[in-house]
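Here's the structure, in structure tokens; my notes come after.
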């Protein structure tokens, strides 16, 4: 075991990694992170290996989205759940260096497209929007789109898609890989209408692992991530698990 | 029982209280003064201890910053108040529907004659099911499930189906309260109406229901106070009412003061309402004994 | 009032019923048979209509697939049952704490003497606050907020603080029920105890409380049935109990049947409990009148 | 004969409350039922009013059987007035509405006419000034008089009284008994269950002593009170007089 | 003199219920309070037992003032027995526990001795076979006798009875009055509020007629019942006798 992580984990000798409950494709395949399949699962094992934890020393746990960003002591060492890094959150919890940069993308259902929705700012304004509360999506929707009607808020992405299926909302804003997954697998007739350029988001599109505030383990993880970036491992994992974003139009 | 007429005349015959204070009155004034002093002092001491001791506890500053953050309170209050209007609106249209539908269920439950047995059965099942399932589960099932079947807008609104969920759950409770009211009317009232030759329907309409409904007003008030609080559960299916708004603010500010602010807003409505209901119940209990 | 002793002796003196059926009995048998037939037929017809007509509605298949999906039901049931054990566990340790703490609050509320005024004030404020704020808000505030202050493990467990939240909310309701029970004991019982020279504490302990607690058992049962359902609210702060488990399954399967399964599990517990409470209440009302 | 009972039987579960009760009441006659608590007086009156179905036997009113279980009891009950020990006024209505409720719902006469008839009854029994009050604003004796007026408003052919003075303070008993006396002088047929032995002795045409659901002894009051035949009757009278 | 009342005043809000009541009761004497409902009989008894604080006046027991508001009323109440119209037994305890509760909590005597004393009382008043029953398994008369035993178990020096027979069926009145007679013959000092004029006339040493909170007339029963002085007394007696 690497000296860096020694004595800094909540269970000595093991690394406790949290993910969503449930954890979604393509971040984790089949809600089973211990298989190492899925982008975040693979990243987690790679980080663990680099910090000197054997695969069987990685303990998985599930937390809700809100739960992980509460202040206070944590039940996990690090939490990978597509958390966007933001200055406000950084006051309560600590973030690792970003392990992925995602463009925000708009997901709708086919009937909305049939009704004339297009990937233009003016068309998007008129749609009925929904998002998961407690994510950065609401801020992004307000900043990037400025919808005309009230934004509906839900506990998590599952409830957002449920509301889309119920036709209660037209569109939601999520990171591109999630968008592709929702459109392909969760919604019968989902369409990724468009994506925003990463530079338009004010830096709200970078995912980092979450730590309890002041957790010294962060530096070890950051070390591992920067090593993964520099030797191209991260890019390799990305191409293995995340689809290319080709064909999704840019929204101006 | 003493009639009020007799009481009044007795009071009038006696006239005003005697001039000067009796020994008892003197002593009572003394006692009262003393107890006011003791109560004030002891309350003051306890409060002082709280105010002095609590901030000395380790971590108090952290607690204060996270829960009792003045600037945040002031900042979020107007928005939360705005969101609370959504709660009030939903309550305003749900409550009368629940009152009527609950009464209908209660009457079904009381339906006589074998041909109406399915009605009775329905009412029994209805009450069992909707009193047995947590409101939040009904909200999810009805609020997401039914619109998910492909209803066109605006018929799939979460406001609509959230309301339906509340109505389904709460009318079961209200129906039980009505039924308890109907059963609490003494059999002798039915006997008296029957002995005059009134039909079952007339007895219900003119003799039993007017008394029963009046009698269960306090119990029903408690149901409606609960309803006012459970309106917040609709936030789980989309409407940005006060609970959701507080949650959003909490996430944004990473601070629990918005929840505290929401609690304060709820208390401003529920405390007077609960107090009033308690008062009605106490009066009723007194009358009964 | 007729004493049971007298009733028994009258009954015994009269002996067995006469042999053969009286005219009335004959007719009643006829009537009963007819109403059973009518009830059976009408129920049957209604059920038949439901079974035949509902599936003919457009979208029925969709509804069936989304809500009443047999294979999914069978698949998720064991996991949900497993998760329900968490609910039962939380309930099992919360309920006795609530019962005791609620009684303590009720007694504070009843404390006499000016020096105890702060205690009385505390009980009043406590009840007002925790009856006024939605349980879910208390769960969020206490369950997320307090651990968020930086308590070390295991003192930040959501089970611990979720339980505290439930205890805070429900003990206020339970305390009010106890208080109503104490007040429902007729003043004459206090008079009788006082006239024998008993002190206030003795009167409470030996005369009032034993009667009051027994009398409010049904009302308290209703509180505990609500508690059993509100345990599900702890899912919002982490514990994977039945509601969260159903939500997870719903997300994974994109189907509402897990919620239905959860409802069925709740009903299996709450219907018998509610029925029993209703039965106790009905018996009590009968005794009272 | 106005009212005839033939072999009335009535049980509550295993408890037999009326046992082979036969009794005739002539027009304008007043019959008093006396007996210990639980002897079945109230139950018998409720059976006559069809509030309780009888198990066996027959009840005839003007020679027509009214106890036939296939008959609709409503119109029959309208012909028989019943006044209860506990008044049983409807507390949510004024005294006048109490009296007018049943006539208004059942008789198709005009509102004004019904009101006149009701007011006439209030005048007759000296309660004119209480007409707009609610029952709990009246004394017990006044409430009981209103209950009698309410029964009379349906123009019954026979009146049944079930211990109408038992719930009253001793001082108020007289005013209610005066009403009963007045009805008797007007020729009303009446059956009374009562504990007021003095009144029974003075006013009744016939007294029946009930014991465990049976009429143990009946006859004119002079005979029953002066020379009771049965040992049980003697014992009862010794205790209560 | 055992008990002395001097100018007792008592109001409930604006309603004055006792007005300048003075009364003396000698040892072994039995005083009956009569008067219409609401005349203040119960309130006066409750005042003597210190259940209601008096507004003015003095109550002396064996010449010592017990109405001093600074005294602890508990030990004084133990010396005065009070029996209520509605028995007020504790329904959740057996009859024996009802009787033994107060002695057990207050007297420091041994458990066995207290039980013997209680059982002796049950024997004395013929209730031995009911000792393990609950109050609602007893008839009204039996319950009232238990209530009297419960008061006697505290070995009071004076007994107050508040219409102890009013809630009883006429047939059960006798057995309770017999108990009171027995107590009198044993020399107990007693004050009774009662509607049983026959009993008052026969057994009382002194009768007080209360009217609107005042003692309007008092004297030996022969005088009060045979030749009442006041018009109001005459009227009351005419009505209830």
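In this document, chain identifiers A, B, C, D and E correspond to the written order of the chains, with residue numbering beginning at 1 in each.
The rule we apply is simple: a residue touches a chain if its C-beta (ideal position, glycine included) is under 8 Å from a C-beta of that chain, and two chains touch if they have at least 3 such contacts.
This one's a predicted model, so the numbers in the text were calculated from it and none came from an experiment.
Centroid distances built from C-alpha atoms place A farthest away from chain E. Simply put, of C-E and A-C, more C-beta pairs touch at C-E.
One finds 84 Å separating the Cα centroids of chain A and chain D.
Rounded to whole angstrom units, the spacing between the C-alpha centres of chain D and chain E is 37. The distance from the centre of chain B to the centre of chain E, with each centre set as the mean of the Cα atoms, comes to 46 Å. Residue positions of chain E touching 2 or more other chains: 37.
Counting only residues that touch two or more partner chains, chain C has 6, 144, 148-150, 247.
Looking at chain A, residues 66, 71, 155, 162, 165 sit in touch with two or more other chains.
Note for the complex: chain C touches chain B at residues 34-39, 42-43, 46-47, 59, 62-63, 66-67, 113-118, 121, 128-129, 131-138, 140-141, 144-145, 148-150, 176, 180, 183-184, 186-187, 229-230, 232-233, 243, 246-247, 256, 259-260, 262-263, 266-267, 270-271, 274-275, 278, 281-282, 285, 289. Within the complex formed with chain B, the chain A residues making contact are 66, 69, 71, 88-89, 91-92, 130, 133-134, 138-139, 150-155, 159, 162-163, 165-169.
Looking at the complex, you find that chain B touches chain A at residues 66, 144, 147-148, 150-153, 156-158, 235-240, 244, 247-248, 251-254. For chain E in complex with chain C, the residues that touch the partner chain are 46, 49, 51, 74-75, 77-78, 80-82, 84, 86, 88-92, 101-102, 105-106, 136-140, 150-151, 154.
Considering their complex, residues 10, 21-22, 31, 62-64, 66-67, 70-73, 75, 155-156, 158, 161-162, 165, 186 of chain A touch chain C.
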